[in-house]
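Some structures to go through are shown next.
Look for subunit A in each of the two complexes below; its partner is subunit B in the first and subunit C in the second.
Right, the complex of A and B next:
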């Protein structure tokens, strides 16, 4: 790929070693031109966030990461302190919409697009107060303001709205869904998220590296390994630390275990949402056995705080490796058996097939990543070889086989989950039995003023963490980006044309993160 | 003239229904749990739930009209009446002349009407959604149930349930192929009417897929207790109706008090087996897409009509 006749050279970062190019746009027009070029090249918008650089004498800075075939292109745009603004990218990448709105809510740098509704600000603070600005102050005494939100309305005879949430009948996270329906048919579906804003990004500013690792590991409990690794990779990229091969292999085991645990749980829930409670109890039994072994070997059922900048805080001896591979051998056939039951259950297949479809063109348009994108047939997996792209270690040596499905419906997402469990079990076995020798944790010396990004293929999709280190060797700005930012809008495209009672099944087949938005 | 024994038998049948209905629900729930490899809730859990709900305060929606408050009582009353006129232990029921099998369908319909109106009364989208779906299920299930009853009534030459049971159980034994069709159709209808798995899911927490549960979301306290109890009674009533129409052997005859006593263990056995079968069917099936419910109940209707035709063309000899 080229930017204004200059070729873009992707370089391997230290740490995770994902190919990354870092560049700077001179002005908004150049940013937009680059975005257009990335769009033309079939790229995706991976993340977009802002930062306040006024303490170091600058203004504000906009960070855009584009996922291209060869790697990730990180582009920054300097914005003046008095009038920060940049061109709207949502015309090229619809996924930019919510990220831009969130950026305004948090940092106060705005885009010139038409959709100026707040995204993360739910009346918890005034519209002219921006929590991520250095001079924002404590801001603790805001009363809870009423917050109106203009959902897009659908008119016409018989059309009406069904509001659902943010409090639901089951024990799930808060999110508001607005269905515009005629009878049972869904005409339009819009979601509003961010009800549990936690102030994570503000808390991270000024934290030291280990506090940062703890917080990042707690952004989303179901993806704690992916977040922790992405953060560690970003720190290692910024500080030029190379984790040992043993540490990388152990991280890969942790990540794959997380993937298997979540897929097992989701497959159970996907049975349960079609009222096949048998599936739920079977898969949850397997998941429980799985997380118990995680607790046994890594000291925590979700394996929190095991991945730290520099390496891992866990190690496996020969006995542990045997436990690990024995469990893979035991769970593999059980999953296979359940797969056959799911596949042959006429009632279940009737619910899954053709429900909630998205196609590859839409997946590309919406910058999707991960499992849901692969279920449309797109080969998007940071762990797999593809044209122009070689995966970083430890994946490169493993030859990870991508699991894709062309159908794009609930059935496809179920099939991809089954496939990925099998592949992950193989990877865990291979990683555990061929564990390289060496230390598991390297020392990380902060490099003041440095910055880096970490990109990890988590179980949902691409988890991205951008880190910049301040002059005081502490974290100046950390931006965690969940793949659900791109995937939630895809859900809004998957639901219409189906009927209201299909929504829980479609929603569960994506199983998107609410807390990933509750930053 | 109503005999004292008949009156006692009638009252006993109703009391037994009130007492046994939650037990049947608890029994089905236990089997569901066992079949799903879960440890089961106590058999008496529905009673504990009722006890808890009766001791809770009622929270009423601001827009609730008196209809919303009366509906649980009407529903409960309807189900109690249904249990009163379906011969479960004895055919000697003084209440039976009050309503025949056709009126029974009307009694179920009345309960449905009021609970649906109550669901729409408070004006929440889920209530309306549930009521709408309940009406869809109801208007498809009722004709099928009527045809089933016609088929059986033609065998007994009466629409009175007591006469039907007496004919089937105590007149000359005969094998009626029409009853096989009617029996399968009745099973389909019972699943739909009692909000069981292929049509609805009594255990769901998913607001958007509910039918029965969506209608009663706004109920609390004693109102909810009455509705839960009425739902148990409905399951009990349908089970007893199924037993009365298709497995009536053992139900006591007129003027036979001893038979009434002997009928109790047999009824328990039949309900026990029925509950188990219900749980098995629920466990192996997934819920159908709601637009498939018409197909499901259409099949039931078709089978019922087949039963009727078999009766008319093959079994009736001039």
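Right, the complex of A and C next:
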């Protein structure tokens, strides 16, 4: 199949997952032309990464995934080993900027754009050493040098900078924020991330499938189910395995429970950050009860390591189903009551309304996905029907109703979270009471040389995992992509014009992952 | 305001010592012990030096009404200069190594350091997955002296409370300098 009358021939990735179209660009121009056509059609840049293919006789390879109406188009471009360069895509898709810089830091394949600042590499290893090259060696003995970062400077009378981080005031992940302000008003906000870089992609190279699952469940611990499922889906697509309907329903229950847990926690924090400590106590109580039931039924408070390639390592009997749906019945009215209190609380609404706004045009421009994109009115949800395709099982049969809000501010993100809790409770109840019979885990036999992409709508947004399997039946390259890659720049647009004390509130309304994009 | 007050009344005090399984009893016992052993406030600066964020979620949970850590006078503070204890999750990344050392140096003596999670303790299968490698230093103890370790992936809030308590006990028993801090 061809897309947008471009010459590239796409074939559909086999399997039951979300539609993924695989294609190859012959050169940089063809890639750029396709990107321009995708941009024109309102597509998103979903992910971009590189791989070293020199062991199998090639050079390097660039992987770009575009989110389109037809599904996801996964385009690869072969790059020569001696001169691995490709055209800068950040003019079309601003989201490409940091992904391209990270790709250079990790694999040493470069783009021809102007922003060549390192992203994931701080001072821990030298600029001419690339951790994902197969001949890089262990590289543990570099000296850890302090590193500076070229923040964009704001000039003018009275303008000054407030540096924050990497260690922040609360119990939160590290990152550095640079506010350029006049008085209290923020003129510009720029983040520098990478502090959580743990070298997971390097660790994944050569790992077996089950070690891979362990690591993927810990890319971002608050989204462990989304990552584990996306990874499993990628492996299953590559190896031609179909998880049973029962396994898929159980996965969906786990994923929706994760969504509810995170929304409950964030809604509590969002009350607290606007000085309503009552909200924190109430929602944290509900969240605690929620994760205790997760521990009871699935053996882990965050349900880590339950989703594995082939299916799930969990099952529910009739008694467990009753516990699940009873809890949904109990928590639904409590959340509704709190929703009314939040809505009618003048102090909260004063802080929420018109604070930290982004609009749909910006959300599209920045390739956003997930809850924050839906809070600008975009109808983007991997669990819902799109114009040109039905969502993968088990979603299609459930008729998931996307929750949107056009305002794009903190109030909208709060409203979407409330709406999504209600919808997830409905889904969990329906999934649990109509569990299909059957086995919960199928055997997965590695297919050497195969590759696959898995895409799951996590609670923040689209979690995407690209996998390729080596000739030795182990993982050759795994790239986990967090929606926060695209969302962090949106935060930079949401903060200016508001005042510095609004930042914690705006930040929490997005609650982006640091570690998910730091890898 | 009225619905809000109603909600508070309806919720009641969930921290109440009503027996509700072992977890609840354990929490009550721990809270008594914290008050008895400490008899004063303890301030903690939490430092995420490279965790997957799930350890942080459990540390957050310590302040929910079930565990009510702040009710025992144990408080999380923003600055290491105000802290008696550093609660550190890891593996310590190379990119956080320096910041963690600075936070340690800024914490006034005598200080306690507690490493949290299999990553921070460098133990178990998970500890081995994330370091040491080119990007991480591995366990917290590879970077700063550690007094007490709380393993788990992530450790539960009860385990965290027990660990914090153990650190306090440890401090009482070794008022001078702990052996690991030579």
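Criterion: the second predicted complex is superposed on the first by the 503 of 519 C-alpha atoms of A that agree within 3 Å, B and C clash if a C-alpha of one lies under 4 Å from a C-alpha of the other, contacts with A are read in each partner's own complex, and residues count from 1 in each chain.
Everything that follows uses one rule, which is that a contact is a pair of C-beta atoms (placed from the backbone, for glycine too) under 8 Å apart; a residue touches a chain by one contact, two chains touch by 3 or more.
Everything quoted here is computed from the prediction, not taken from an experiment.
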Item to check | Partner chain in contact with A:115 - subunit B first, subunit C second, else both or neither | outcome: neither
Item to check | Which superposed partner A:242 touches (first subunit B, second subunit C, both, neither) | outcome: neither
Next on the checklist: Touch test for A:343: subunit B only (first), subunit C only (second), both, or neither?
Outcome noted: neither
Checklist entry - Of the partners subunit B and subunit C, which touch A:184 in the superposed model: first, second, both, neither? => result first
Next on the checklist: After the superposition on A, what does A:170 contact: first (subunit B), second (subunit C), both or neither?
Outcome noted: both
Checklist entry - More residues of subunit A are touched by which partner: subunit B or subunit C? => result C
Checklist entry - With the two structures laid over each other on chain A, which partner does A:278 touch: subunit B (first), subunit C (second), both, or neither? => result both
Next on the checklist: With both complexes superposed on chain A, which partner does A:500 reach: first (subunit B), second (subunit C), both or neither?
Outcome noted: first
Item to check | Touched partner set for A:220, first subunit B, second subunit C, both or neither | outcome: second
Item to check | subunit B and subunit C contact sites that coincide on subunit A, given as residue numbers | outcome: 169-171, 278, 280-282, 285, 345
Checklist outcome for this item: In their shared complex, subunit A is touched by residues of subunit C numbered 3-4, 7-8, 11, 14, 23, 46-61, 63-66, 76, 78, 91, 93-99, 103, 125-126, 129-136, 153-154, 156
Checklist entry - For subunit A, which residues count as touching subunit C in their complex? => result 122-125, 131, 138-140, 142, 144, 146, 166-167, 169-174, 194-200, 202-203, 211, 214-215, 218-222, 224, 265, 278, 280-282, 284-285, 287-288, 291-292, 301-302, 304, 337-338, 340-341, 344-345, 513-515, 518
Checklist entry - Where on subunit B does subunit A make contact in their complex? => result 32, 35-38, 125-126, 129, 132, 197-198, 201, 203-209, 217, 283-292
Checklist outcome for this item: Touching subunit B in the complex, subunit A uses residues 160-164, 168-171, 183-184, 271, 273-278, 280-282, 285, 345, 347-348, 350-351, 499-504
